[in-house]
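After this come two complexes, each holding chain A, first together with chain B and then together with chain C.
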Partner chain A sequence: MRDTIVIGAGLAGLMGALALAEAGRRPLVLATGHGATHWSSGTIDVWGQAASGGPRAAVAAVIAGDPDHPYARTGVAGLEAACARFRQVMQAAAYPFVGDLHSDLMIPTALGAFRRAALVPRTMSAGALQAGDRVLIAGFRQLRDFYPPLMAQNLRSQGIAAHGVYLELPPVNRNLDFTTRSLAQCFDDGAFRAHVGAQLARLRGDASHIGLPAVLGMRHPLDVIAELERHSGGQVFEIATLPPSVPGMRIASILERAIVAAGGRIQIGSAVLRGVADGDRLTTVISEAAAREQQHRAVRCLLASGGIAGGGVRTDQTGAVWETALGLPLAAPASRRAWFASRSLDPRGHAIFRTGVLSDDRLRPLDQRGVVVYRNVTIAGGALAGADTIRERSRSGVALATGWAAGSRLAAIEA
Partner chain B sequence: MPATDFIELSLDHCIKCTICTAACPVSAVTDLFPGPKYVGPQAQRFRRDGEAPPDDTVDYCSGCRVCNEVCPTGVKIMEINTRAKARIVESRGVPLRSWLLGYQYLIGRLACGPLAGVANLFANLRWVRVLAEHLTGIAREAPLPSFSGYSFRSWARRHRDPHAAGATGRPKVVYFHGCATNYYEPRVGEAAVAVLEHNGFEVIIPEQGCCGLPLLSNGIFSHGRHHHQYNVAQLYSYAAQGIPIVGTSTSCTLTLKEEAPELLAMHDEQTRVVAEHTYDIFEFLRLLHERGRLNTRFRRIKRRLPYHAPCQQRAHRIGRPALDILELVPGLTMVESEAACCGLAGSYGYKVEKYRIAMDVGAELFDFIRASGSDLAVCDSEICRWQIDHGSEVYSVHPIELLREAYGLAPGA
Partner chain C sequence: MSRSLTADVLVIGGGATGVGVVRDLALRGIRAILVEKGDLTHGTTGRYHGLLHSGGRYVVKDPQSAQECAAENEILRRIMPHCIEDTGGLFVITPADDERYAETFVAACRACGVWVDDVPLAEVMRHEPRLNRKLRRAFAVRDAAADAFLATEANAADARARGATLLTYHHVTDLELEGDRVTGARCEDLRNGEAVTIHAAYTINAAGAWAGKIAGLAGLDIAVVPGKGTMVAMNHRIVNSVVNRCKPPADGDIIVPIQTVAVLGTTDIAVPDPDVFGIEPDEIALILAEGEHLVPGVSRMRALRAWAGVRPLYRDVAAVDDRDIPRTYKLLNHRTRDGVAGFVSIVGGKWTTYRLMAQEAVDLVAADLGIAIPCRTAVEPLPPVHGAPKSGHLTLGGRLRHVESEELYGDVICECELVTRRQLVDAITTGGAANLDDLRRDTRLGMGPCQGGFCTYRAAGLWHELRGADDAGGADAAAALTRHFIQERWKGLAAIAWGDQLRQQRLDELIALEVLGVDLLPAAVIADGARHPTVVTEHAAIATEYHAE
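Right after this comes the complex of A and B.
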């Protein structure tokens, strides 16, 4: 039976599982539910601050200055290897990414602020606008939390000639309530696309670019974009929305298919409750199930259950902080008083968000004395200590690099 | 509400991320169901004793539990919805159709046996179905299973275990066959008994009733409780001796394990012991294999077959035990569907206003099975198999039938 266990189905867990599956280890992915992919923009953000030499140089500088940062565990080479494999898998699924580690792309958020991303799906890449570009931002009133006029106004204040419009919803047999997912399904329908395309052609004016919320089809977004471009004559790009994130769901399902095709299995809806160890080897992983717990023999185990935000780390009102799956020791603030800085927007961030599992250079868990807790366990993603990835805007980059590295290193462990 | 009521408490874990609604197969195809987040954790805050239910859309929840499966924070959405349905039934009374669907096993009891041929002919006459649709609201096209010419229990009474002679001290196992095996598909039970006996077990088939899930999912909780109490009374003495209870119907075993105890808040000792000793048959076989006790001398079956893990199987949260075991059969390749649900979801797709929704939900699964080019599909749940046969026109079997074939055990043995 399967004895390689991955805990967590976010980007880190899925990349780790892919590495394990491709190494022939037939991993079983256990997770409470869908991972943070569904909450994320669907881009790979390596580092949020500008650096000459791009994200690659930024990461090299981070590693030089902070030997305990998760990037220090993978090195620049590990990040590059992870990005390369990620791009191949996405390309093979007809969902190519553009960009590299030498320069960031600057793409707009749904509010019109530009943010940096190292790799973006090709559906978003035409959003790397330059001053002087003329752009039409179009959305649907039925999709809440996406306001084309507001976004256009903010783009104009940055020197981009932008105009925001609401499109008329093409006739569909739906009228109750729209989510990103239901709109993406609408775009799978040819008549719907043609109707939107005709409106865009009419509304485009002299705009060279057309930005739409990232709902342009679930499975074949490039085909949708090509068709909208044919109709409208503009370059069409997607803009990340609030969750649930269609680009994130695309990434998750492409990775899941690749894992299954390589011999892995995904079991979501199965929260891991704890592990059982024999000395410094984890032997069993126990997950929640109907009426009884399920026991999984574990020759090797990757913990990628996330940090505070992802549910891998929990806290309570007494100030206790714990790792939820295996009960590993955490590097966390000593008391509840130390969780937060006094100002909410303190540029140094809040200590609690750096909480995670300490790791050695092979991403194995360490206790407070620096001793390896389990030799057959590696840690990846938000569960790692030493980074406030949301503040750094490195969340997906750290997940990708450490997930791939932790999976690859774990694959080498023999029974 | 008792402090231990985890269903009610779990709604506070909802962070409104909408992952459930993005995965819901019903709201994907119809506006009549706004999605699990809205009717579940959100509407639940407006459901209070003595007040009218805030809206009726929860009736369009099929109960497939996909929302529970994908929720990243562990909210028991489907259970919240099912209780909300029961409140509506409580305040307005039970419609005739719900009685019929909830007590379908009584019809099975009457029609199974020597009269099956006539009953099947009659039940499939178009005017009968049209009339039934008008009178009861049961969709004329929905796939009714065929009554069997003999019941599983009558087969079991005649059956002689080929391994029994001279064998002493064999481990025992209780088989929970469920209504579908008894009245419609005795072949599934025969395969289960053959496989268990082949692995050295003495199979006990105690008196048992309907698990009550059709009653629970139609909101008739008080009757569902009686059914569960009856089964617990029948099964407890075995469970208390540590004898495992295995079933081939993933919905019956789920009901024994969790649905009835949780929905009805039955937390007594006997109910708990029965739940803890209940296994899906492949979950049980996988445990045997993990202990090195499964007979793995399989014949080669050179086939590539589509497999669908039914939602009621996935709700056990035990992975894919049927695939884990069938992977051991040389030559056999199982290809798993990505479809969330077959659509039928128990009695949901039998209702005239929901039949079309159920077929639309199932479309992805039907396409997957047809595209496989196989003339045989594999699925653990009887209801899903009927829907697969209906929607894709490909015959489907329970994986235990395939395993019996792999052991070289002839049907009817």
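Right after this comes the complex of A and C.
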């Protein structure tokens, strides 16, 4: 009987479900959709600011300075354990990540800015360019989500000899609407890859590196890259661009397969409507099915339904803020007037986006008085209060660490 | 750096009225230069709800305005059908309204010559299924939805084709005076700080809500009251026709279906300065609460954006409050009024009467200049413009038909508003756009549900390729453009960001910060007041809608 429920199929929910499955708990993942992973850059970003000692030291400093930060619930050790398991799973699926918690890699965005990431898929790692590197940035005009000349010029302004070109789209038998996803499917075709490789060989010039949008195949991107490198003679890397994110989809599908292989089940399209409790134990989770409600016995439950972006936290015009699945109490600004800063990109962020569930040191939900609401529930990812992870650039790091920790701790709870 | 230009007539203000004036001048062969401190339609024209008045709104309290509107409505339908969607309009009596007002309203419509027709409620509900089922009466009128961006662009294109010069981002800093005569103006080109002097035999002040500021430069006092009106755009067309409350004019009494959205309007609050105003939470709450009387449930639907425009109300009689100031316009001849020659101000009015206002101003100026060519704007059709149909009225679905017939699926840069690559390329290469917000006015870029989350980067990429690739600062400019547009869109979001729209905003943040790193580029922050050659960011003269912290 599946009596372990995971709510949410983003990075936190999937990592939590993996921990539960590997501990023999046969989790059932209920989710409305695929979570924010499909919108993401596809790297694991631990902390956005530089720190001597790298992201590990940055997180240690965050925990020391802010005992309510989600990282304080996992500790540095929890983050390390999560990263280690994540890397193993990705490696086993032939989608290896490089990097560690001692230093960040600086990789370029589609705008040509350099952003820091702790773990980067091998498909992107050659993008950690150095001043003096010579790089060709290549894309397709048919892909409206990537502009090589713009990116190249911004790289040049940072001391990198970059040149941006558009490739001719190889002949394809499909409609004219090219998204990142449909281009990734094109790269599964050998003739398509050969055509692109030949163009790169011709256009590379003296460039040592070649950057392409992150569309180099859905299932076997390293093979695609190897083939393009053979043709062109340059080191090929992917660059994350607008959603939908092919690197994000790869991560989600690898984790989903690992969960299923370990005995878990994933049910997308099942919005959780509410929970039923007996005192401080959640007993039942009720989800939406076709024209009826479905009841799930819950001996243990991981809530990883996301924050405002993921849909786990909803708001309305009166300033009301609620947690959508279990109706847990939230830490939120007192009124709508306190939700926003006046500048959209204010580095301090907007207070409303820090809204989430307060948790104790075992990631169990707390009410306003600090009392544990349900002893058999843990919280992970964007649903946690205490951080604006997009401003911090810690979103995937927090999801990974808290998801793994919340799943591991939950697994120990007995009926 | 400085430049000097000469024309017969200088027009100040690039809204509907000023552009209408410059087209009228051009049609009469009078050499004219128009200056506008922002982009065309940057002020009130680009911030209004898009109603082509039937006159019905004014029949009871302001019959002269009603008659003007009714006449101009028919003229504009003839000369610019491609900028007007013939939605029709309704005046409805809700359970919250006084049913006796119906007779007053109908009698006043008849007296003013405003077409009105009593419509059976069953028929109203068939056409407008979301309207309140408890409506008591409904009357059809000739209201319609006008795209003020397209209309202004059409007027501007025609004026240019006939020899007029339109200078955007030219901020008037002083009027030139010789004795008791205005002989032109000194401007600053906000894009590069250049001083530009324009000499003209006549100056027409068509600066709308800013007309008082312009007249003040000549030491003249004209009582223009900037009346702030706040509006809320809903993310789809909740009504098919313009729907008005049938009662004396009040806040939140109208819904206008315009292009892909429906606009709930408006409030009316006097503000001391047309450049400094905010949107108050109370205004939004009131608009949504009033909207509930017309469309039950509207306050729980997804709002896209809120914004405010400032009406150019002219107070020449004692009025108890702003709503009592007549909505008609006034031509002020400063020679006869103040002893200052070569200078007129055209004040008050509304979008629907822009052509008539232009005609009256140009009639006076032409007579003074000894030019006897009559006005032709009432009969001369406006030329086609991008984004408008080549024949017939504007229709919802026209853009989709275009995309489908040309199979432009992969070329849709802004999916929400179906803006194609071709449209943007044309706007970037041929127009006077200085930033992405100007492209928005040209093409509707970023005006839909995602409010620029996806198309901002795409438009910046195209902009860079077409304008900046060879310029050393080109890519930097594209990043600055991105940040500028994100902030411009944000101004209208904070007031209504809750529910799905707040979630959308968070996704947009994820894209801007995590995926693109728009804040991570060198020189990421443009200092306040700093200039960029192509990006006019936040010059005090054109930065409107300040929000209270």
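Keep in mind that, in the parts below, the second predicted complex is superposed on the first by the 411 of 415 C-alpha atoms of A that agree within 3 Å, B and C clash if a C-alpha of one lies under 4 Å from a C-alpha of the other, contacts with A are read in each partner's own complex, and residues count from 1 in each chain.
Just so it is clear, a residue touches a chain if its C-beta (ideal position, glycine included) is under 8 Å from a C-beta of that chain, and two chains touch if they have at least 3 such contacts.
Quick caveat, the model's predicted, so the values are computed rather than measured.
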Combined model on chain A where chain B meets chain C, clash or fit: fit
Which superposed partner A:Q130 touches (first chain B, second chain C, both, neither): neither
Which superposed partner A:G311 touches (first chain B, second chain C, both, neither): both
Which superposed partner A:P243 touches (first chain B, second chain C, both, neither): both
Which of chain B and chain C A:S52 touches, first, second, both or neither: neither
First (chain B), second (chain C), both or neither touched by A:Q368: neither
Touched partner set for A:F353, first chain B, second chain C, both or neither: second
Which of chain B and chain C A:D177 touches, first, second, both or neither: both
Partner chain(s) touched by A:R115 [first = chain B, second = chain C, both, neither]: second
Contact breadth on chain A, by residue count: chain C or chain B: C
Chain B versus chain C as contact partner of A:Q294, first or second or both or neither: first
Angle, in degrees and to the nearest 10, that opens at chain A between the C-alpha centres of chain B and chain C: 90
Minimum C-alpha separation between chain B and chain C after superposing on chain A, in Å: 5
Residues of chain A contacting chain B in one complex and chain C in the other: 39, 175-177, 243, 311
Chain C-facing residues of chain A, complex: 36, 39-41, 45, 109-115, 142, 144-147, 149-150, 153-154, 156-158, 175-178, 240-243, 245, 307-309, 311, 314-317, 319, 336-337, 339-340, 342-345, 347, 352-353, 390-391, 393, 395
Chain A contact footprint on chain C (complex, rising order): 281, 284-285, 288, 299-300, 407-413, 421, 454, 457-458, 460-462, 464-465, 468-469, 474-476, 478-479, 482-483, 486-487, 489-490, 493-494, 496-499, 502-503, 506-507, 509-522, 547, 549
Chain B to chain A touching residues, read off their complex: 17-19, 21-23, 27-28, 31, 34-35, 38, 68-74, 254, 257-258, 275-276, 278, 286, 289-290, 314-320, 323-324, 336, 338
Touching residues on chain A, where the partner in the complex is chain B: 1-2, 28, 32-35, 38-39, 173-177, 179-182, 185, 243-244, 249, 257, 260, 265, 267-271, 287-292, 294, 297, 310-311
